Amino acid sequence: MFTGWLIKPGAPQWLWALGVLGDFLIFGSALFLLLQLVPVRYRKALVVIITFLAGLIYSVEFFVPADPKTGKNFLTGLIEQVADATNVVYAFALGLGIYSLFRFHGRNLARKRSGWHNSSAFFIAFFAMMLAGFWHDLRPSAMSRNTYNMLFDGIVAALGATMFSIVGFFIVSAAYRAFRIRSAEATLMLTAAFIVMLGQVPIGAYITSSLPTAGLGSLFKLENVSYWILNEPNMAAWRAIAFGIEVGALAMALRTWLSLERGSFFEREL
Amino acid sequence: MVNELFSWLSNSHITGTIGIWLAAFGTLAIYSILYKENPVYRLAEHIFIGAAAGYGVYMTWAQILKPLWWDKITGGQWYWVLALVTGSMFYFIYSQRYMWISRIIFGALLGLVSGSAFKGFAGINIDRIYASFKPVYGPGMGLGDILNNAIFIVVLLTVMAYFFFSFEHRSAARRMPSSIGRWVLMFAFGAIFGSTVMARMSLLIGRIYFLLHDWFHIAS
Amino acid sequence: MSVFEKLQHIDRRVTYLLLVAVIAAPLIWRLRLPIVVSPAVRGAYDAVESIPDDKIAVISIFWASGTIAENQPQTEALVRHMFLRDKKFAILAFDPQGNKFSYDSAARISKEMGKEYGKDWVHWGYRPSANFVPLLQALPHDVQGAIGKDYRGTPVAEIPMMQGIEKIDDIGLIAEVTPSQTLEVWIAFIYGPYRTPLIYAPTAVMAPEGFNPLDAGQIEGMLIGLKGAAEYEHLLNRQDFATRAAGALSTSHILIIALIVAGNIGYISSRRRRLQS
């Protein structure tokens, strides 16, 4: 419509924005009205069919043999277009999270609930960081670049790293309080933990540095014992666990693809 | 006049220093929760969430929507407007009456990923199943290899036995392997705990290093 | 309550202060301890050394500010190694924060080592992590089409080092630097069908799971958290942040072990007293 025929490449950005909005309203309304024509009793079936057809793309592409010369089959080209499209569609989904945050903090602010000043700090930080980024993009200069970096490094990077680092304190406190040798299994667990903790850091290598680097004695070097624990019994246990998880994941994927899964999303009346 | 007021923003040394002080105060504000719950921590938390969300919005536009969608439309590929129509279907989740429209797009994306499960399963597991058939004895194998492979087989089978719930663990023949599996799992969980401790300490060391080196300038 | 029993009731704030002290001390007064390179890290190093000259490497970034202390040193060590050996590489980020961190790190190191963007390295930009599977399905058949534009908005087809990089066979190594279980997707859709070499740089918490694909030969090597980065730096004859942090890692681990032992001494003591009474 507008963007296809009326507006040509080279037109100003604001005109393109209006054109996209116009096309969105036209196509969006058309799709919306078309979907309203679907009888209520067929809506679930429509969702099931679309889910199935979407999954058919990848599963058929996997099972149909590829042409030995090109390495592709008749669906491989479609897969590339699907990746391009889903890149953009997933990006639009970001708005869901942003809308939820805005709704929550907006209500706090509007109703002056307890902690409303925190919600105002949320909005200030949100717009400051976003606008700094767009300023840096649209009008690049030393000023915009420095502001963008200052806010990113000073707030986003620093506070994000700090949030996760707090767990370090909690793990020390929790390990000190909870790790008790109440049973033989707990003692075994603690022994493995101590060996791996010491063996994975340089002090472990230092403690057993007097042992030879080759031969039978080297087997008792802490870093070697720790590596053996991770590479042998731990690896075998993880392989067993992973087999179970993978089979379960395949079954779950199959049930989801065929809409056989139960749960509020799947069973709720449309 | 506005330019003069904000001219210091052009000086990367000044803005860099401000950034470090912002980061340092923010770090200490977050760490104040270790003493007890307080308003300074809450404020810092909200500022972080806001800034991270704002950054996410900017980055999504700058790195995905503009180069891979907007530039295509303004370059003549008008049909990319339909991606906006499709993407807007997500937002019907907020409407009680039209929520089912959002289920179409969610279903499509779920179906897409679920359909790739066969390829994924084959790609991940065929090599691992093959690698699990380790020889207990063979030419050129030393005592260490024999012991390691034997331990691998015992651990693999007993842990799988532990998680096999299709039959009840009644008989001793059924209970013993899963009992050994439980012991082995305890050993493995201890090793996992050891690794987890290292991970968490690393993150903490990163922050303390920042405070000492970048802020106080006393770390080497 | 005896002295031993009191050992299990140390105030948590005292433990926090002790932790800060044992971490700060080796950062201020350098604690030099031997770095022993593990076979997993050696495997990763050798894999980078073996990248054919006519192929590029891809460094996949999934990390954000939360795990920057572990994943950034790993990323920088890999970038430095590739620059040192003139291996061309591309960075692809699936996290918006990691996108900027990885670009800034690579740009800083490239300036330090006299390398040029577009000729020696390229950053493919940020893609949503939700699109990870569809992107990996499309990448093997048309690398340039799947990526589109780079971090700076330039079509990748116009970038000098991307000339001739069209299919998965033109990629010689993929390094996954991540705090989560994303390696499985690379193995499922890239290593499984196409046998492209992979190396794994997880945070230490994910490392135990990484030994599974390592044993199966699905990855060539692994950098285990910050210690893995320190070992890699040792192989590069460098002493960057990871090496400096290794001393603090050691002292913090000793403290945790000491506290657990103290707690258990207190526990055994109080249990004995309860049994006697």
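Going by the order they are written in, the chains are A, B and C; count residues from 1 in each one.
Here is the rule we use: a contact is a pair of C-beta atoms (placed from the backbone, for glycine too) under 8 Å apart; a residue touches a chain by one contact, two chains touch by 3 or more.
All values reported here derive from a predicted model rather than from experimental measurement.
Fewest steps needed to get from chain A to chain C, stepping only to touching chains, is 1.
The two chains most heavily joined by C-beta contacts are A-B. In this assembly, C is the chain whose CA centroid lies farthest from the centroid of chain B. Separating the CA-averaged centres of chain A and chain C is a span of 17 Å. Centre-to-centre, using mean CA coordinates, chain B is 12 Å away from chain C. Averaged C-alpha coordinates put the centre of chain A at 7 Å from the centre of chain B.
Within chain B, residues 34, 52, 55-56, 59-60, 64, 68, 109, 112-113, 116, 119, 121-122, 124, 128, 188, 191-192, 195-198, 200-201, 203-204, 206-207 each touch two or more of the remaining chains.
Shown for chain C are the residues in touch with two or more other chains, namely 16, 19, 66-69, 97, 100, 127-128, 130, 134, 137, 148, 204, 207-208, 212, 215, 224, 227, 249, 253, 256.
Residues of chain A found to touch two or more other chains are 58, 82, 84, 86-87, 90-91, 93-94, 152, 156-161, 163-165, 168-169, 175, 190, 194, 197, 200-201, 230, 234-235, 238-239, 242.
By the touch criterion given at the top, residues 8, 10, 12, 15-16, 19, 33-36, 38-40, 64-69, 97, 100-101, 127-128, 130-131, 134-135, 137-139, 141-142, 145-146, 148, 167, 204, 207-209, 211-212, 214-215, 224, 227, 230, 246-247, 249-251, 253-257, 259-260, 262-264, 267-268 of chain C touch chain A in their complex. Within the complex, the chain B residues that touch chain A are 6-7, 9-12, 15-16, 18-24, 26-27, 30-31, 33-34, 42-62, 64-65, 68-70, 73-76, 78-88, 90-91, 93-94, 100-101, 103-119, 121-122, 124-125, 128-129, 132, 148, 151-153, 155-157, 159-160, 163, 181-198, 200-201, 203-204, 206-207, 210.
Those residues of chain C that touch chain B in the shared complex are 13, 16, 19-20, 23-24, 27-30, 66-70, 96-97, 99-100, 125-128, 130, 133-134, 137, 148-149, 151, 153, 184-185, 187-189, 191-193, 203-205, 207-208, 212-213, 215-218, 224-227, 241, 244-245, 248-249, 252-253, 256. Of all residues in chain A, only 58, 61, 71-72, 76, 79-80, 82-84, 86-87, 90-91, 93-94, 152, 156-161, 163-165, 168-169, 172-173, 175-177, 179-181, 190, 194, 197-198, 200-206, 209, 223, 227, 230-231, 234-235, 238-239, 242 touch chain C in the complex they form. Chain contact summary for the complex, chain B toward chain C: residues 34-35, 52, 55-56, 59-60, 63-64, 66-68, 71, 109, 112-113, 116, 119-124, 126-128, 130-131, 188, 191-192, 195-209, 212-213, 218-220.
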